[in-house]
Structure formats: C-alpha cells, structure tokens
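In the two complexes below, subunit A is the common chain; its partner is subunit B in one and subunit C in the other.
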Partner chain A sequence: MSKKTPKESFLTISVYLTGYSQVDLLGTGMLDTYYNTFVENLEIENVTTYFKEVDQILDNSGNSEEKINEGITKVLFGSALVSLTTNLITMWYTGNWGQDVISPESYTQGLIWNAAQAHPPGAKQPGYGSWADEPIEIPTI
Partner chain B sequence: MEALFQKSNSKRHRLISNKFLQSLNDRNFDLLDFDKLKENLQSAIELEHSTIPPYLCALYSIKEGTNEFAVKTIRSIVVEEMLHMVMAANILNAIGGSPAINTPDFIPEYPTKLPMIDETFMVDLGKFSKESIDIFLQIEKSADHKPHGGDDYHSIGEFYTAIRESLILIDKNTPGGIFTGKPELQVTSEQYYGSGGKLIPVYCLEDALEAIEEIMGQGEGIDNSIYDGDQEMFGEDKEYAHYFKFNEIYHERKYSPTDKSDDEPSGHPINIEWNEVYNMQKNPKMSDYPVGSELYQKTYEFNKTYMALLNNLHDACNGQPDMLLKGVALMYDLKYKALELMKTPYEDDGLMAGPSFEYVN
Partner chain C sequence: MNDHEYDVVIVGSGIAGSVLTKTLTQAGKKVLLLEAGLQAGIAFDAEKNFQNYQYYLNTFYKAGAKVPNSPYPNIEDAQSINVLDIEKITPENKPTTNGYLVQEGPLPFASDCLRGPGGTTLHWLGSTPRMLPNDFRMKTEYGVGVDWPITYDELKPYYEMAENEIGISGDVEDQKVPEKVVGDKTIYYNVDRTYGKDYVFPMKKIPQSYLDKVCMNRSKGLKVELNKVVYDIVYSSTPQGRNSIPDPRYKLTGITWDQRAKKLVLHRKDDYEYQPVGSNWDPYTGQRCEGNASCVPICPVQAKYNALKTLRKSDPEYLAIITQAVASRIFYDKGSNDITGIEYKKYKYADSTVFETKVAKGKIYVLAASAIENAKILLASGIANSSDQVGRNLMDHFVMLTWGLLPEKGFPYRGPGSTTNISTFRDGTFRKEHSAWISPIDNWGWAWPTFAPGTDLSNALSEGMFGKKLRAHLNDVITRQLLLHFECEQIPDPNNRVTIDPKYKDQLGNYRPVIQYQSTEYMNKAMEAAKKVSDQIFKAYGVEDFTDYTMKNADAVKYNGKVYNFWGAGHIVGTHRMGSSKEHSVVNPDQRTWDHDNLYLVGCGNMPTIGTSNPTLTMTALSFKAAESILKQLEKNEDHGSTFSKKQFETT
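Up next, the complex of A and B:
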C-alpha cells in the first residue's frame, strides 16, 4: 500500500516505540547509524519479516494511534519479535546494540539523557558549576 | 611593530582616529549630545550582539570531530563578541544608562545589515562555508581596508571611535564628569571564567577607553597589525584580531610571523573541510513551517531558550551580574538545541533545518 522505504518505516515505528517525536529522533542525528545497525545485526530474512510486520501495522491502522499501538503490542511484542523490538528501543535510548556501544555519538545521543533531564557523563556538558543550579526548564506552550 | 601592539598607545589613537574625526566634524556629528551617546552605546550592544547568531550558526554547523582549527577559532571569536557586548553594557551603565537586551527589536531579522554600519553586505544565518567566512571578514574589516564616503559609519571601529571621542568630550565638559553610574551594576571578571579575552568593568573614563580599545583591537586588529593586543597578558599566546583569524580560515593557511596585515596568510596550511558541515538552510524562520508542526515546535523551543539567555544577559547587565555565570548552562543548552535542528532534514532537497534566532514571548 504505502511506498515507504524500510528506513522510513523504521523511523515511523520508532516514534511509536520510543515515545519521542520524529523531529526528536532525527535531531539525534542517529537515524542512519541505528537503521544500519539494526539491519546489519539481523539475518536478512528477519529484517524482511520485521519490516513486513511494521508496514502492515502502519498501513492497516488508518492512522489511528490506538490501532498502531494495538498492533505493536500484539505483533512487535509478540513472542517472535519481542527481542528485536526491545533491542530497537534500547538502541534509541542508550545507543547500545545489545551490550555494545554503537559509536561515541550514539552514547551521547541516547534518549535516556533527555528522559532523565541529565547529560551523558563526559559529554554534552552543561557548563562549569551548573550542578549547583536546578535543571533548566524553559516552558514551551 | 611591537610598540604598536601596546595598549594605551597614544600614537595608535591618533593613527586610527584622526582621519575619521575630521570626517565626523565635516558632517556636524554632535559629539556633545549626551542622549545620543547613550543611544549609540545601546546600538553598540545591539551591533555586538548581531554578529553572534551568524557566528554561532557557522560554528554549530561544523560536524563534530572535524575542522578543529575553525571550531576553536570561531568559538573564541564568539566568546569575545559576547564580552564586547557586556563591556558596551558596562560603559552604558557607568554613565547612568540602562542597557536593554531583551526587547522585541533587539534581535535583528536575518538576513540583516549590521546595525549602525553603512555597508551594503547582508549578514545571513547559515552554515560554515567559504561564503559565510567572506561575510564575516567584511564584518570585521577595518575601514582602512576599504573606500570611504557617505554619511554613516563604515566599520565597527569607526563607530567606536565616535563613541570614544564623545565620551572624552562630554566627560570633560560635564562638571563632576559623566561616570556617575552605580558601581554595583558592573559585570566584572568575577562573573566570567576565561575562554580568552577579558572583561573590563567600567568606573571611570580610563576604564571606558580601555574597554573600547579591547573591543576595537580584537575586531580589526590594532594599527593594521594582525595581533589583537592581548598577548601582553601573562601566559597568553599571541592572538590575532578577528579579521585575521577569519582570513586564515578563508585562505586555509596560517599567517607566518613576517606577514603584514595586507598580505594573504603565507604560513602553514590549515586543514579546512568545507563539506564536513550540516547543510543548514539559510535564514530559517519559524514561519517556514506549519504552525504546530514538529519543526515549528522545535524551532520555537530553540527561540525560547535563546530568549531565556537574552533575559539572563539583560538581568546580568541590570543589577544582577551573578546571572552571567548562570547563563552558561543556557548557552550549552542552546547549542544542543541548535544541533538537533541542524540534524533534522528540512523538506526533501538535502537541506537541514536550523536555529532561527527570533524573538518569542
């Protein structure tokens, strides 16, 4: 139905799996790396199967978030695919694939730091002495 | 050459300003108008600020781990521009004015002309490129490098020369002098930890003149020397003025010690990778995106952070100097938000989004 590339499907489903917006995910600059990591670490049949299921969920949802989440729970968290799905989520949040750090960038770009309103130790520093102040909160809308 | 590097060098004063002062007299510039002087100092703050967003865009657009020389150079220049801005505010505070740093028209709309400077070139928000460095060279160029004429100031240095002469004259002609501002309004080096340059608090005319020297020296160089004068400070390496730093990047070559200010740099080659940048679209605006779209929201959040920083600087320059240090966390946050935008594709033409530096409520 849709003419999405696998990478586009990967991005779209990642939005639902991570809870971060598409722009948030693109803003990490890690889409290509993570997509490649995902594809390279799987057998080709598994890749094909995974994206077939993802596309089916997205295409049959009629853009209903509820339906997409339903499909995710049933299929992507089903016994056959759950380990791939958790790996994918872990990858966005920690920059790791399994136990391995994917790259120096992936470590700093992990969503975990945003989620915790923290910063990756040794990188993305918030400035000398800033630990004495409360985290910055800038109200938006 | 070495004598000319020195601060408070009267010969240098004369060299820079005589020709220009003559032209000020020719056009009946009222150096004795105290209100005009305050206005000009406010404009000086705006002028210094107007260079910061373009420099930051170029700096942030460089991909991590590449263009080390350019990154270091542009970062040091941005820091100095911010110091200039604060020093201009210090001078204004010292004569009883009040700097306004967070008003709606404080941020220029890019592409923009430089405030107060009568030159035709427009300054963009854009990625690091040969084209943008060329514009930066024009920003920092001293008037001696280009033809004169017209009614306005033709370089940042000329503008400051007018301010300096005005300060001297009005102070001399006012009983008790004009440096009557509250000393506690001054932002001092205690509120700033060093990344080059220095922050001069202003309590009297001499301080004001020193601050102006520092600003002019760092921008255009002193007497057409390529050095900025800071190297006298203990332990500092010889620092080039901004114009010459940009010129090294532009020509991908360092100056050699014997180069004169009119020469192209002839020293060691520098590794500049013009392609190792995020391809940020020029002069992005929130209005480029549908209201409420993710990119609109991200850009808005960036602008909110920028406003928080301007508010912070405003407070720092209006009685709460300690706020300057607190602003550091905002500056880092601003960078990370800008980078997120630069990594996000804008439409399908290979261009990326970018920080728009717009006033928001």
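Up next, the complex of A and C:
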C-alpha cells in the first residue's frame, strides 16, 4: 500500500506525465494551485478513482520508468481517464483548466514555453537583444 | 462656459489626437480633449498610472484568447471592435451583428482598433516603415487607385517629426528597397534622396532576430520568378517605435511652433543626445525593449511607444480632458457651414446606461476618433459629405499568411513581433496588375493562424504523447515554426464602406458602424502571386509547408480554382480621404474638411491609398501637418483681434 498523500501522488505522476523533474515542477510554485484545481473540478469519487489508479501504477512499477509509462498509456490514457489526464498535463504546460486560464501566475508559469526554449509572452523577458542569439540553455535536473 | 471657451476641441486621445493636443497646447492654444474610454486609462499620476497598467497586464495574462484588445476594457458605452466577433458571412446570417460592427459583407472586415485612452497604439505592433515615393502617385505610375494631393517630398519634413515624436529605432541604409526591375537589373530607391544624406533615426536598429538570420542565411542570393520577371529577394530591417540604443548621430531635439515663420520646426542641436522615452509611470522603465514578445497586445514595460507618452508632454495649463465622453453628433450653422459644437454623452461609469448629453464648443474642431468612428460621426451628423466619399474607400492590408517548419531551429516566440521584412514586392511595375505587398518575417511562430503553441500541445496529447516524449516533440516542432506575412495593398473601392442604419445603435443611442467589404481581382491576383513567391522562398529555406487555406475561414476567396485566406492587419484606412478637389475627397491637404472651414479630420481615414507600409507613421506625419494648419488658422484669426486670456481651467 502506498503511504503517499494524494498531493504527493499528484506531483510524482506529474513528473512522468509532463517530462519535467520534480524540481522543475515545484519551481513553478503552482503545485498547490494545480492540485486544488484538479480536485475541485472533479467529483470526489473520480478523485479517489484517479489517485487509486495512479498509486497502483507507481507502486507496481518497481521504479521502472518504462513500466510507469506503460501504465500511463494503458490506464491514464484509457478511455475512462484520458480527459482527466490530458487536462492535468495541459494545466502544467499552459496554466489552463480546459479553456480557462487559472490565474495570471499560472499563465506565466506554463511549461510549454520552457519546452519551446522561449518564455511566456509578456513575462520572464530575457532582456534587450536576447532574441538575436540562440536561447541560452539552462541545464535542468 | 461661453461659446468659445476653447481654441480647439479634439475627439480622441489616440496618436493623432495626442500629437495635436501636445503640439497645440505647447503653442499656447486651449484644448478640450474628449475621450470615450475610462478615466482610469488616462491617469497622469504615476502611481495610478502604474496600477491601471498592471490591471491591463493581468487581464492579458488571464485572457483565454490573447487577441489585440484582450488586455483592455471593452465598455458597452464605447465598444471596441473585437476580432473574436468576426464570423463568416452567408446569405442566411447576413448581416452579422456580433460585437460592435454590423457586417453586411460579402466578406467580413477583419481588423480591430481600440477605443480608449491612448487608442490603438496600446496594442499596435510598432512597425514604422515610411511609404515609398511611388505610393503617393499610384494613378499616374500604375493607373490604379488615386494619387495623393501631396508628394513624398512634401510629407518628408513631417515624417521626420513623426519619427522624432514616436522615437524610431532603425537603420536608414536598410531602407534601400527595390523600386522596379528593368531587364535583369533591380533599381533601388536611393536613401540619400528619400531620407536625405546623413539622416539617421533617433535610435539604432532593433537587433534582427536569430530567426531572421536563419532565413537570410538559407537564401543568400535568392531570386524568384513571377510572371516571367526575376526578382532579387531583398531583406530590410524594420524601423520600429520601440526603444533601443540611442544613435549618437541623431541631433533633432523636438518640435515647436514658430510663430513668426508660421510653421512647425524640428530643432537641431549639435551637442544633443537622444534620450529614450520610458514608461508613463517611471522614466527609467522601458528604456530598452526587453524582449517580452508581447508587443501586440501589450508591452509590459512600455518600451514600445504609445500615444499617452505624447499626451503627457502637453502643457497642462492649456489642456482640459473629459473622459467617458462619447462624441455622438456635430452641429453646424446652416448659413456659414461653420461647426458650432460637438455633442457628447458622458456616461457615469463603465457599462452604465446613465449618461448626460453635453455640447463641447471651440473655435476649431478635430475628429481623431479612428477611421471608422470618424466616418460614423460625420454620417450621423450629415456633414462634410458633399463629395459622397465619407465612409467609402475603407481599406486594410489583406494579410495572407504562409507557414511551415524550418529544417533547423529558428527559435521563434522571442523578441518583437517582426524585426525584418522582405521588401522585394513593395513596389514595381507589377502594380499595374496586382497589389504590392510587404513580407514581414514573423518572430512569433504559428500563433496567428493556428493558435500555436497551445494547439501543438493539444494535437500531441490527442496522439497519446506525454512525458519526455511530449516535451521533446514540442521542442522539436515549436522551435522550427516559421510564419511569413504577405501584407497586400488594398486599392480604394467606393463600395468598401462604413454606413449607418437606425436599426443598429449602442446602449447610449449612438450608431454602430455598418460595414460593407469585398475583395477584388486586383487583390486576389496578388494573393495568387504572393503564394507563388512564398513557395519559392520556402523551397530555398528548405521549409516544409503547412499552410492550410479553407473556405471555412471567415475571409476566404477562391481565385483560379484555388482557395486563399487572408487576415486583417489592423490597418484601418481611407474612410474620409484627402484629395485635391472637393468633388472627390473629404479633406484637403491641410487635413481640413472641404465643407467646413473649422473642422479637421485626422487619422488613417485621411489616407487616399495605403501603400505597403504600416500606416501609423504616415498618419502621425499627417497629424503634424494638421497641427500646423490649425495653428496657422488660429493665428490668422487672432491677428484679427480675437485673442483671449490665458487661464488655468479645471480638468473634468
């Protein structure tokens, strides 16, 4: 049995769903907001089901990334849970829940801009003339 | 208040209205400025100004669709056009009445503007190429459109004023653009002649993007063929109204009214150093473009010029501003045809249906409320229209977009919207057959046509991608996106027009603009030609073409069996054009209406043709010309004894 809290499970599975490390995800400062948004937008029984499935994937994987990915594809991208899963990933990548921007902060913390080696338009500006060169690579964990 | 409390009543605080307000008050003329938008947006107090702007910025962050007007309040009492309201027009749904405009079609007009303090300069991109000398004589050179009543050379001193006022960053040498091809030789405009020997912009050019360099490197010496003529692909850095490093060679200090010479003078001082104009809340913020990559719709640090920077330079002793005041009608004396007042409706607060109707009075009146709004107010008042040209000749650039994936990373979504343009087709004898166009390289990926990168994410998710694979896929795709614009010049067409209809009014009882808009063979042919050129450029770049045009798009035309889509450029031009005769135009070269001696119109509505330039710079030059004419007229009257005392008066 997993001793993780649902929020810990949320964070751990988010690492595998987004392709970003725990440090990257925590670095956005959005974990609490996103976890709360996820839970608040779901019926309680769906929350329970989702985290039960997540914990099963994590607990039965023996820490094998390959096995976790298999579980994600099979269960979290299965017809019952796929929309929740894509909403969860979209939230980390764009700061949106569905079509709605969760908050001004969530927009500026969207990971899609990191993936694009850019920055959210209107925030985290890289400075005068930066656009004339290749983006600077900041190594992440 | 007596009938002549003010020298000049100005409607609208956009760039045209602000240039006039600044110039006239600095010359000691009393100005009443009416602004339809909210009081908060005009705040001269630094703290309030900052707070209001942060509100705009947070509204932008929070907006689901980050369209040009998304950061700004859209007040029911003075609605702005919103591009999200544009829909396809069919025989069944016409006219479409979503939002502010009533669109009769057959094609929807796809550009917006902002009704509020500072006007559309709050969300403009800031590109400021001058028009080319041949743009002013389209009829003579190419047999299409009309000639301007003034030449490029006559407008040149006012261009210099506009470039000083906006604060342009650019490289004059790069404005050596092709004029025509003769045999196998390209003839270029000579910048020593068009700009003047040794002329420089106030600031050095905004650095061209990494993406620009990728494109230029992949197409060195590229020639394209169009209708059996071979053209050199020529790249020009784009002059723009955003702050960069001051050019020490720039010695033009500012513009004042020379009372004795009766003209505006742009002063020169040899030991002068240009200082970039920072934000409206703090002069040390926004001294340089910081690369926010959000110029449209909002520059967070105001390194990009906006009209409120000019308005703040007005002499407060001579300025009264009334906000939340929507001009509705203009009164005139039926004997003399002189304007006697502007009726406005002052609403209590945003969206309120409670308002007071008042009349503003001055010696001279100026409409600076945008091309569409100016025309609408004139039509509602039944004035200035002996030529029957009011509202007609509505123009925009048809922006045909082409997009694809580069074979290498160009790293878009960084820097100002565009820093380089392909200037090859800005002029040439082909204009006898089809439109000219300017082709900016877009620094913001596929955002405009496909809503990327959000759609790249949703597409990948729908394919079941997640985790490291998703992240790598997005990195691969988004960093290689390329978008080119082909901004095609629209020719004046009397049937493209703004009208009014008593059936369509807003909640204050003011008319909503009714638009009729169509494409012509001249435009369609240009899109066909532009796509052929795009194909050759993409081939040279090694770009995989993902351009997708469909009849489902709001603005779609079929030409020679192929579908083309175009988008609005936000360049709303031509609705009360200037000309050399009162039979064919609404204003004369002084920007004064032919029909009313004390009524001036300013803004892009005065432009007889649009050329291939973003119109703001040219319109600003014309606004300085209007200011000069107004000062001449006022002082001519004062010479006849009707001066009045200077006194401080309250700002409502």
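Keep in mind that, in the parts below, the second predicted complex is superposed on the first by the 137 of 141 C-alpha atoms of A that agree within 3 Å, B and C clash if a C-alpha of one lies under 4 Å from a C-alpha of the other, contacts with A are read in each partner's own complex, and residues count from 1 in each chain.
Basically, a contact is a pair of C-beta atoms (placed from the backbone, for glycine too) under 8 Å apart; a residue touches a chain by one contact, two chains touch by 3 or more.
Nothing here was measured: the structure is a model prediction, and the numbers come from that model.
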| item | value |
| --- | --- |
| Clash or fit, subunit B versus subunit C on superposed subunit A | fit |
| Subunit B versus subunit C as contact partner of A:Asn69, first or second or both or neither | second |
| First (subunit B), second (subunit C), both or neither touched by A:Asn41 | neither |
| Contacts of A:Ala116 with subunit B and subunit C, given as first, second, both or neither | second |
| Subunit B versus subunit C as contact partner of A:Ile136, first or second or both or neither | first |
| Subunit B versus subunit C, judged by how many residues of subunit A each one touches | C |
| Partner chain in contact with A:Tyr20 - subunit B first, subunit C second, else both or neither | second |
| Centroid geometry (CA): angle subunit B/subunit A/subunit C, rounded to a multiple of 10 degrees | 70 |
| Touched partner set for A:Gly29, first subunit B, second subunit C, both or neither | first |
| First (subunit B), second (subunit C), both or neither touched by A:Ser61 | neither |
| Subunit B versus subunit C as contact partner of A:Gln99, first or second or both or neither | second |
| Minimal inter-chain CA distance - subunit C and subunit B, angstrom | 5 |
| Subunit B/subunit C common contact set on subunit A | 105, 125-130, 133 |
| Subunit A-touching residues of subunit C, taken from the complex the two chains share | 57-58, 60-64, 66, 207-210, 213, 244, 288-294, 298, 300-301, 409, 411-416, 419, 443-444, 453-454, 457-458, 461-462, 464, 466-472, 474-475, 478-479 |
| Subunit A contact footprint on subunit B (complex, rising order) | 64, 193, 294-295, 297-298, 300-301, 304-305, 308, 325-326, 328-333, 336, 339-341, 343-345 |
| Residue ranges of subunit A touching subunit B (in the complex, touch as defined) | 21-24, 26-29, 105, 124-130, 133, 136, 138-141 |
| Subunit C-touching residues of subunit A, taken from the complex the two chains share | 16-20, 69, 72-73, 77, 85-86, 89-90, 93-94, 96, 99-101, 103-105, 107-108, 112-113, 115-119, 121-123, 125-135 |
